[in-house]
Amino acid sequence: MVRVEFLGPIQKEPLNIEANTLSDVAKILSQDEELKEWIATSAVAVNDMLVSSLDIPLKDGDKISLLPPVCGG
Amino acid sequence: MVRVEFLGPIQKEPLNIEANTLSDVAKILSQDEELKEWIATSAVAVNDMLVSSLDIPLKDGDKISLLPPVCGG
Amino acid sequence: MLELYKGALDVPVILKRWYEEEAPNNYGAYIPFVGTVRAEDGIEGLSFDIYEPILQSWFRAWEQKANDKGAKVVMAHSIGDVMVHESSYIAAVFSPKRRVALELIDEYVEDFKASAPIWKYDIIDNKRIYAKERSTQIKGSGLLGGIQ
Amino acid sequence: MLELYKGALDVPVILKRWYEEEAPNNYGAYIPFVGTVRAEDGIEGLSFDIYEPILQSWFRAWEQKANDKGAKVVMAHSIGDVMVHESSYIAAVFSPKRRVALELIDEYVEDFKASAPIWKYDIIDNKRIYAKERSTQIKGSGLLGGIQ
């Protein structure tokens, strides 16, 4: 079981899902029509580290965060 | 009669000299051995405007300033 | 030093404290960048969400980068609402050398804009509207959509 | 606004006053550059001579240049002695836009260093020694020596 959190303007409660890799997470999230645009434009962090590959192995309790486009300052 | 002022570290009192152009000023100042290095490294202003040509005509009462290398801040 | 404040920043107080803290440390150049909310497009103000864990690691990487050049970076940012003509952001560089300071403040502010996990909302009629058009995708975005 | 002070600058007070003066003017970015005297080569401090008429015209040209970009420049500088870890120089830019501000502060500070009619002396054993090696010839120097 991993936990998926949606940051900033993505108004969605965290999800707890079964996933062994980020590819699994991608498949599950892509079934949610509302998330389509956010998935296409968001960066992804695993346990608060930004990642750039779908092959990251996940373990029980990992936290996945979606970071939509930013604008600080 | 024009007045020549020496700015910053050039420790020299102002001079009043007869000169019709900056070339005349250059000739007169170059006779002063002490000024040789300052002349080679200083910028020149006529009536507080920096100039880049020796052909500037001078009139009675003009002020010529020598500005040695600068370092503000 | 990364400082987060609820609401607008007290800019003079922060600039003074940072200046005085670093005064004995022999830095020749201190360059703060102060960001202030502009009155435009009829907004009443801006509002900010911050994801602190990733902001902290972004900031630690910049501390290291500055340190490698003998310099130091600091930052203050608002959380929540900041009204027009109030300030929400100060990023500052201290460096022994002028060129290092001028180059670092530029890179530091630009990377902040491109990468720091902060989301901005316009406040209009007391409602928060995500500033989508002014926002930038973090490098690597779209990973889960297979579009990158 | 070009401000000249006898001795060291009161940096927090100046930064605060400038910030508050421009707060209503809808500038999004405020970047001051603060120059502080470093303890090095055994100096007790630095001392400055300024030739004000040409500094004023240099500054007016920069006011015009900033104005053409919708921005504003200000400056404060010390005359006379400034001890180590005290500050002698603040140059600041206000601009609606971040990129304009970051580019302008760099050019403005560099042109100041290359062109402003200010002479620097090291203070060692209470004596003023012209900082010749760190000084820069103003563009067009050597005119009277025919070497340019």
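Residue numbering begins at 1 within each chain, and the chains themselves are lettered A, B, C and D in the order written.
In this text, contacts are C-beta pairs under 8 Å (C-beta built on N, C-alpha and C of every residue); 3 or more make two chains touch, one makes a residue touch a chain.
Bear in mind the structure is a predicted one, so any value in this text is a computation, not a measurement.
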Fill in: Interchain contact steps from chain B to chain C (minimum; 1 if touching)
2
Fill in: Partner chains that chain A and chain C have in common
none
Worksheet, complete the sentence: Between the Cα centroids of chain C and chain D the separation in whole angstrom comes to 26
Response to the item:
Taking each chain's centre as the mean of its CA atoms, chain A sits from chain D at a distance in Å of 49
Worksheet item: Roughly how many whole angstrom separate the Cα centroids of chain A and chain B?
Response: 71
Item to complete: Would you please write down the residue numbers of chain A that are in contact with two or more other chains?
Response: 73
Worksheet, complete the sentence: Where chain C touches two or more other chains at once, the residues are 35, 98, 109, 113
Worksheet, complete the sentence: In contact, pair by pair, are chains A-C, B-D, C-D
Worksheet item: Once bound in the complex, which stretches of chain C touch chain D?
Response: 11-12, 15-16, 19-20, 23-24, 26-40, 85, 96, 98, 101-102, 105-106, 109-110, 113
Worksheet, complete the sentence: Touching chain B in the complex, chain D uses residues 35, 48-51, 53-54, 57, 77, 88-89, 109, 112-121, 130-132, 134-147
Worksheet entry | Residues of chain A defined as touching chain C within the complex | 7-9, 22, 25-26, 29-30, 36, 39-45, 48-54, 65-73
